[in-house]
Structures are given as structure tokens and as C-alpha cells.
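In the part that follows, the structures are each spelled out as C-alpha cells.
Next come two complexes built around subunit A: one with subunit B, the other with subunit C.
What follows is the complex of A and B.
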């Protein structure tokens, strides 16, 4: 990935048109609870960003700020080149937001709600709506109040996607969906990415699903950015090493700084490491005279390590 | 489908016209009770004050409802579209109201009438619906009162007639300012964070779409909890002592939950009712009576209490209590039998409240009125209401007990309406000569006890069989599986 276009956490300059979202030292405080603390980041257009974090980490707040639903207590945020408190029709027609818990006009049927929402978008794609309704099995004749949580989530996805947004924000869009529909949703998102080259920011705890589509990871913990890297970089730097001792010799103690966790017996150790050195495993094996087998970690396995590794140096540059 | 269709969907013209007619009739009958208000002043206050305010509430409700959802901030142009619709609706409705009002009361200049009507109609555009209700309703009420008083000041109409064009301009300016503030960017941002459903949507949702109503209530409560300064302030705090094992203890739990669930009850809690009753009885009504030069105004008011209105009110309160009742939480560790007892006690207390509340409201003003005027009324003027209460006492438990299934709610509403009409028609002629006699009261007491016993049996049986999650019983069973479709053929050699 070209570093100049990658999501960065450096201080944002004047928002360029190629930047989908920028946050400059934004802090959000709800009463006595601080949801975000001085978050600074850029999300360039055309990327699929996975927004990860534990419950209460500030993911939803960050997405709501990006959509202009919530305003930061301090700092500034720009979405599609405009300050989020001033978002207007030119930006809103290019912005899609799927909320974690859809709040709709409950007495309307799904079809009525879709028609109501469509009337605000000149580029609403009725063909896409029809296709997604069929693909995601959305019951269009039922009232929204009568829908199950999963069906409500599907409606939220339809409302967020059918106007072909340039920036699509997805806040836990799959939490109530069954595996089959989840798979179809991922296909839909990939299709949007292919056809419209839209920027997607997806927050989800279903990391195995997220991993299939994202190319960049931003991890939040207690309102701070703790990781801000491309998925490729993360997959190359995180690894699990299975270390075996040579015959009749116990394993020595490993004290390298890139070792994050280790589980060991006398003759076998399982290490999780983070290192950007491409030949670190060979160097390690030679240095300790041990056998090393390496395995890439999945995003699901990386997540606890990302959160535990407090804050990433690259993520908090003011 | 164009934008106008969507706006009409929110406006619900049929419901709006129906409710406007009902509210207008109530306002007119109330205005007629105001002392020294001659028929001309009544028409002035109803057609030029009450009607525009009522119509304005419905227009504002329709225009505001879509703005009170989180997605409102995401829909491009929604704010301006709603502003345009509100302005258009106000213009059309104000012109129509002016034509009607001018036709009914031709003494007022059309230009002045249009200005007055437009200003009052636009007043509700400033409503912010904080906490999910009509936050500025008290302000509207105050204006109604103020303008009613102005209306029966003889010079009011003359003053309007003397300067019709300035009046029209002021009305237009006020309407424009109301729209500007009501749909400002900041105002819409606040609206998006507050749940609100318009009056015309709410009322029938209770009856025909319980799921919509329940979801809206849950959302309102969640919003209240989220925005409350402390949980204790909402009365959700469980007592520090552990809940006991008696039905009475659990009734206390249920009461607290109902207290939290039903906002009306929170606003009109016993304390609130006592205070508002005291204010009405000891300050407002005597002041109105003295101001109008009729020290015995209260006594006259009580003596002429409209029995039909009282009975209808009792039925409405019953319906409200009935519809807003939700079953105890299915996760409560209580048996179905105890659950049934709790439901019965809830309805029994609601029944008692329904019968006694209007009587208490009349008794106190009557007492004060008699003390002030020295004019004694037989039985404190309570006889007409007692007749209504006694007639309804055995009927209400029957109506409730017969319709416990949620699916029968529309039938319950219909039944109670019929009951109220029949009772009011029946007792209208009896009211004046009737005096509660011991024998009659005894018969009513026996009938009421029998009716309550029957209701208790119905409720216990309902709670024994019902689905605790939905509260329904007797739903159609799942479709039988076709046995042939599940027959496996075992291959034999």
C-alpha cells in the first residue's frame, strides 16, 4: 500500500478531496464518561477500514462523529472534506451509515420506509434495492416494529447502501445476522467496493468476517487509538512461533522484546511475536539453537495482542 | 411516490381531522362554561384561538416526527423539506380556518383573523418535544388561557378590527420566526436525539399496533434513562431492602416498574394530582369565580356538571390504565398464580381510581365553592357523578375481564365506548331526581363484588395459560407438520 494514501494518524492538514474522514485531536465526553480522548487520524478514500475495539472503546462514538450525528466535545472532524457539524446535502448524499441498533419510523412498513428514504437521494438505485431485498431476504410488507433484530439490521443495511454512498460507515452491521446472510452482506460490500470504489469503515466484533474485506485496521481502546496499520503489515509482523528444543537440551529463556506472550514446557514453547524483521525467525533460531516454525495469526488472534499493546507509537503522533 | 405523499402519510389527514373535531368540541364546551363569556366571545375564543392551536399541534406533529429519529441528520434536505411542508400546511390550514371562522363569526376582519390564526397555528412549531412529550404544551395552555381572557374582554375583537393589516403582518412575522427557530440546524440536531411520535400516530397505535406502541415506549424510557441526571430521579431505583415473598411486595415492584414505564403516571403521580387539584380548587377556580363577579361560580359549575362528560372521562381513564398495563416481567421469579393475583390487584386498584378520581376532583371545588359563596348544594353536587360511578362500577370489570387478549384490544375500546354512551344516555334523565338510596347502593355493591370476582377468575385463568412473553393466550397453534413430508422410506434388501 502506498504510504501517502494510507490511513495515518499524523496531524491532518486541510482536508483533501481524497480523504474520506479526518479527525484532529477529537475528544468526546458524555457526562462523566470520556468516550474518545484526543483521537487524530485520517482515512483516505478507497480503503476498507476495520475499526476494532472492546465494548465501550469508542468505536460507535467515532463513527457517529464521522456521520455528524454526534459532535466532538473538542477537536475538529471533517467528513468528505467538510466539517461534520456542517454536513449538508452534497456530502450527505454521498454518505451511508448503518447503525448498530436501527431506530426507524416504526409504524411504517419496510417498503414505505425505503420509499421515504429513497425520496431524499437523487442517485437511489432501485434496482440495487430490489436485488438486495431478495438477496438478504428482507420482508418488505411487514411493519418495522414487528421485525426481528436481524431483519431490522438488514433494513438498516438497505437504507445505508442503496444510494451508492462514497463513504459507508457500518457500526456492528452483522451482529444480529445469521452466517448465511453475513456472507451475502460481505459479498454486497465487496461489490460496492468494486463498482463504486467507495470507502468503507466497518466496526464489528466478528473479526473473521471483517478480515475478509478490510485492508486497514484501526484499533481503539478506552477512547484512544492503539493501532493504525494496514492489515498486510499486521499479518506480516504478528506471528506465532512454535519453538522446539534440540535433542536432550532444555529450552533457554527468551527475553527478546518482540515476544509478546509465551507458553512453554521444557522442550516446546509457543511464542506470539511482533516484529517487522522479515528474517527474525531464522535469526532467532540460529541465536538460540532451536527449531522454529512460524504461522501467521488471524485478526481474531491478533486482536487481544493489539489491545494489550498500549498505544501504538505511530497512532498517537499529535 | 412524491414527497407530498410521504408528508400526507405523516399528517394522517383523516385522524387529524377526527381528533381536531373532538378536541374542538371539548374546547367549545369548556369555553361555554366560562362565566360572563357570551356566545360571541365563545365563538371568538374557539374559532380564532382554540381551533388554530389544535390544528397547529397536528401540523407540527407531522412535520416534526421524522426529524426526531437519529437518521434525520443523515437524510439530505430533510430539514428544509419539513420546513417547506410545515409552511405550506400552515398556509393552507390558516386560509381554510380563516374562511370557516369568518363564515361562523363574520364580525372579525378577515385580514386580522388570518394574522391571529396564523400566529397561533405556528406556535406549536416551536415545540421541542423534549423527553418525548409536548414540552411546550404548558406554554400553549397559558396562551390559550390568556387569549380566552382577552377574547371575552369586549375590546379584543374591536382592537383587531381597528388594525387588521398590522395584525396580519405580526401574524406572518411570528409564523416566519416560529418556522425559522423550529427548523434551525441546531434545533433539528437536538430533535434527532429525542424520540417523538405525533399525537395522531400515537393514539391509534395503542389500539391497533401494540408493537409500535411498546417499541416507542421502550425507546422513550431508554432516552429518559440516558438523559436523566441520576437513576434515582426517575424512580427506577429498587429499594435497598430485599423484595419479600408476599404478593404485596411484588405488587410494589410492579408499581415501580409501571411508574417508570408509564410517563403519564409519573407526571400525574398521586402527589402531582394532589398538587394540581389543590391549585385548581383553591386558587384558579375561586379566582376565576371572583374575577367574573360570581362568588357562587363553583357551586354553579358543579351543579351543572355534565354527566356524559364525566362518564366518558371515567371510561377514557379506564382505557388508558388498561392499555398501558403490561404484564409483569416474565423473568420475575414468581409463579403464574401470583402473577395473576398481581394483575388482578393492578386492575382492581385501577378500577377504584377510575371511579373515585373524578368524584374527588368535583368534591374539592364544590367544598371551596360552598365555603366561599355560602350557597349549599345538596350532596355537594356529587349526585350526578355518583350515578355515573355507581352505574359503571359493575360494568368496567366485566369489560376488562372479557378482553384480556391483546388481539381483543380494539374490541375492548369499542365495548367501553358503547358502555359509556349507553350509561350516559341511560342516566341522563335520572341524574337530577336520583339520590343514592341504601338499597340501590347495596345492589350496586353486590353486583360490583360479583363482577370483580368474575374478573379475578378470568385474569387468573389467563395468567395460567398465557404466553408470558407476548401476554397473549389462545394464539393459533403452529401449523401441523405434514406427516407424509417427514416419512422416511427405509430401503430393504
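What follows is the complex of A and C.
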């Protein structure tokens, strides 16, 4: 064992980089398949990023590149300030990755596996491990080979967070968990955020769950970044407008560029809009002499609008 | 501790905005009198399962609006307000709600005298149900 000659690598005084991950025009090609196409983005430290996209959009590939498990075909990525092809123990010990389907040593019991993984990390937090085992109801005496998909996911989470990473990457971490455990997992993640100012990137189809804790949204579609905004900004710019004709006159045609979709009859129209202009609805109502009622959209409702590359220009027939 | 804060993460209104609105309402209605200490960002984040950045964003904006103020030792408290300010806050809350009703009245083609009559009747019905004001 190394005598503690240089207290530098694990010292908490190591300045935290302000950007947890950067991608500079990264492209990833697997054989015939292009998983990512010239992706450029920054993930600022301390945020909880929701990585959204349909199946095959490139979410897992991006997370694997961030974790250094695979290298981009072209372009460069930096994780915790270090180019990902040069990642070494100072970064790797501060990186947590919870994979969609964790690969474990199947003959070990959960307790053995935790001890095994802990032995690689100088900062492993045994108290945290103990607490999370109880909180997430992890069956420590059973062999990995015998666990249900949900319990395997819980073990993956424990192995990903107990060394208290500075950057935590989670790839569909909740798909097999029941709603109670999902809720507890969110508490666990928030606690990491409060105690360690950990940066969290979480890909999930369960938008209702992630909506509670994410503050930033990155959406991918067929390997490209189609959205990269704070959740507050998205929520304040997307809306559904119910437009009514006040008198007998039919509704006029609406051609404003901020209209993403419209469904309409002569007397009633339902528009989805994206505008950061706070008075847009009032201005619209006055301009067209119509009544407008606005409603904000949930992440679930925004999602199809985010990944529709172009606003559906097809004016729906009356 | 501000009691009874409920954030709905799915109604599309940003969580910081919901938090600001609810705190303002509690202050306007006197549930949180001037000088009341607010829960720390940490504590409230744990209680509401919310990102701590969301809480500090709401607190910072309320502080900038003069609704909250920092005391020695960084404690955040409900700011002292003149009775005139408190009054105009309360009126602003009511005005917001009535704006929605006014839009609805226009859409339904309800005339001005009809709408005013309905509001008067609603006030009477509410007064009949609640205990007499002191």
C-alpha cells in the first residue's frame, strides 16, 4: 500500500472544475450505425441534467463517452477537466456510473460485491452504504445471480454513489424500480447534491420522476442535440393556448412563427406555442380579437415538441 | 418553517415560481408574519424533494423583490412591510384571480352587468358560509 506521502489526489481542497463535462463536435460510429453526430455541449458543475431522447437517440452512447468507457470516433470530450482518453485515478475515483443493465460479478453476494468495489475507492463512504442499503431495501445476503431486475438496479445505484462522486451518470436508473423506491432514489440523489454539490446526469423515460429534480434539459434526437436549456426556461416558454372566437365570426388563420402545432375548428383552436415573451398571449388576443387561455406544459407534454426537429408546419384543416 | 408548501412538479409552472407564489400568498394572508425565519435551502430541499438550486432561486428573487430580507448571520426572514404595501399585495392577488375570470366571462359572452352581479352573489354566498369577520 502507498504511504500517504502526497495528500493531493483525494484532498477535498482540489478545486472543483466549473464544467463537469464538455463535448466538442463528437461523433460516434459503430460499424454502419452513427450513434452521435457532431455533438457539442457543456454540462456545468452542480446541475442535475435530464438527458432525454427516444430509444436509439444516443443517450447511452453519450453517457458512456462521458464515463470514458468508449471513445468518440472523432471530436474530443473532457470529463472533470480531463480529456476522456487520458482519464486517470483522480478523475475516475470521482466518477460514478450507473448503467442501464449493470454488469456484476454474479457469484458474489451483494455484501461481497460492495466490499469488492469499495476496495478500489479511497473515499468510499461505509456509513452512506449502510444507510442506502436500508433506505432502498437492498438484499445484501443474496447472490447477484439471483436478484430481480429491480434489486440489480438498486445494487448498481449503491455501487455508483457510495464513493461520493463529483459527477454521477445514470443511464435509465429507475426503469425496474417501483414508485416508492423511485421516490427514495430521488431523495438519495438530492442528498448527494446537497452534501457534495455533485453534478448529476440522468437519462430516463420516466419524465414525471426526473421532472422533480432536474434543472437542466438536454434532448437528443437521432444522435444530435436538439435542446439544451434550463428547465425553468423551457417551462416558461412552452404553453398551450386555447383560443376562442368571441363573436359569431370564425377564427382567422394564425401564422405566428412561435406556433408549434395547431388544432382548430371555426370557433376554437388549441395551439402549442414556444415564446419567451411574457405578454405574448395578451398581444395575440388583442391582435386577433380573440380570447386566449394559457396553460403551462409538463415535461411529458413538451417532450414530443422538443424532439420534433421542425415545428409541425402542416396547418391542420378546419 | 413555512408550513403547507406543496409543489406540483407536473403542472408546467416552474417549481421556483410555485414556491414564490405560495410564499407570497402566505405572507399576504398573514400566515407568515414579518420577521418569520424561513427554512434553510437545505432543509426545504429535503422536505419538498426539490433541487436546492430551485429553492435558492426562489429565495433570491423574493429577496430582490423586497419580500424577504437577510438578517445578521444570513438568516432569511419575512421582510417588514408598510401597511400600504401589504394592502396592495393582497389586492394584487385578488386582481390576478379576477383576470382569469374576466377572460372566461368574455369567452362565454357574459355581459359586464351579469359578471358583476355574479361576483356580488358569490361574495354574499361565501360570507354566508364563513364565520363573521371580527
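Quick notes on this structure:
Methods note: the second predicted complex is superposed on the first by the 292 of 318 C-alpha atoms of A that agree within 3 Å, B and C clash if a C-alpha of one lies under 4 Å from a C-alpha of the other, contacts with A are read in each partner's own complex, and residues count from 1 in each chain.
In this section, contacts are C-beta pairs under 8 Å (C-beta built on N, C-alpha and C of every residue); 3 or more make two chains touch, one makes a residue touch a chain.
All values derive from a computational prediction rather than experimental measurement.
Aligning the shared subunit A places subunit B and subunit C next to each other free of steric conflict. When the two complexes are overlaid on their common chain A, residue A:46 makes contact with subunit C while staying clear of subunit B. By the touch criterion stated above, A:137 is placed in contact with neither subunit B nor subunit C. By the touch criterion defined above, A:196 reaches neither subunit B nor subunit C.
In the superposition on chain A, A:298 makes contact with subunit C only, while subunit B stays out of contact range.
By the touch criterion stated above, A:125 is placed in contact with neither subunit B nor subunit C. Once the two complexes are laid over each other on the shared chain, residue contacts for A:231 go to subunit C alone; subunit B is not touched.
No C-alpha atom of subunit B lies closer than 27 Å to one of subunit C in the superposed arrangement.
Those residues of subunit C that touch subunit A in the shared complex are 9-14, 16-17, 42, 45-46, 49-54, 57, 100, 103-104, 106-107, 109. Subunit A meets subunit B in the complex at residues 67-69, 71, 87-90, 92-93, 95, 97, 99, 103-108, 112, 115-117, 119-121, 143, 145-146, 159.
Across the complex, subunit B meets subunit A through its residues 1-3, 6, 9, 65-66, 69-71, 73-78, 81, 189, 192, 195, 197, 201, 205, 209, 211-212, 214-216, 219. Residue ranges of subunit A in contact with subunit C, taken from their complex: 46-48, 183, 186-187, 190-191, 193-194, 208, 211-215, 231-232, 235-236, 238-239, 244, 246, 291-293, 295-301.
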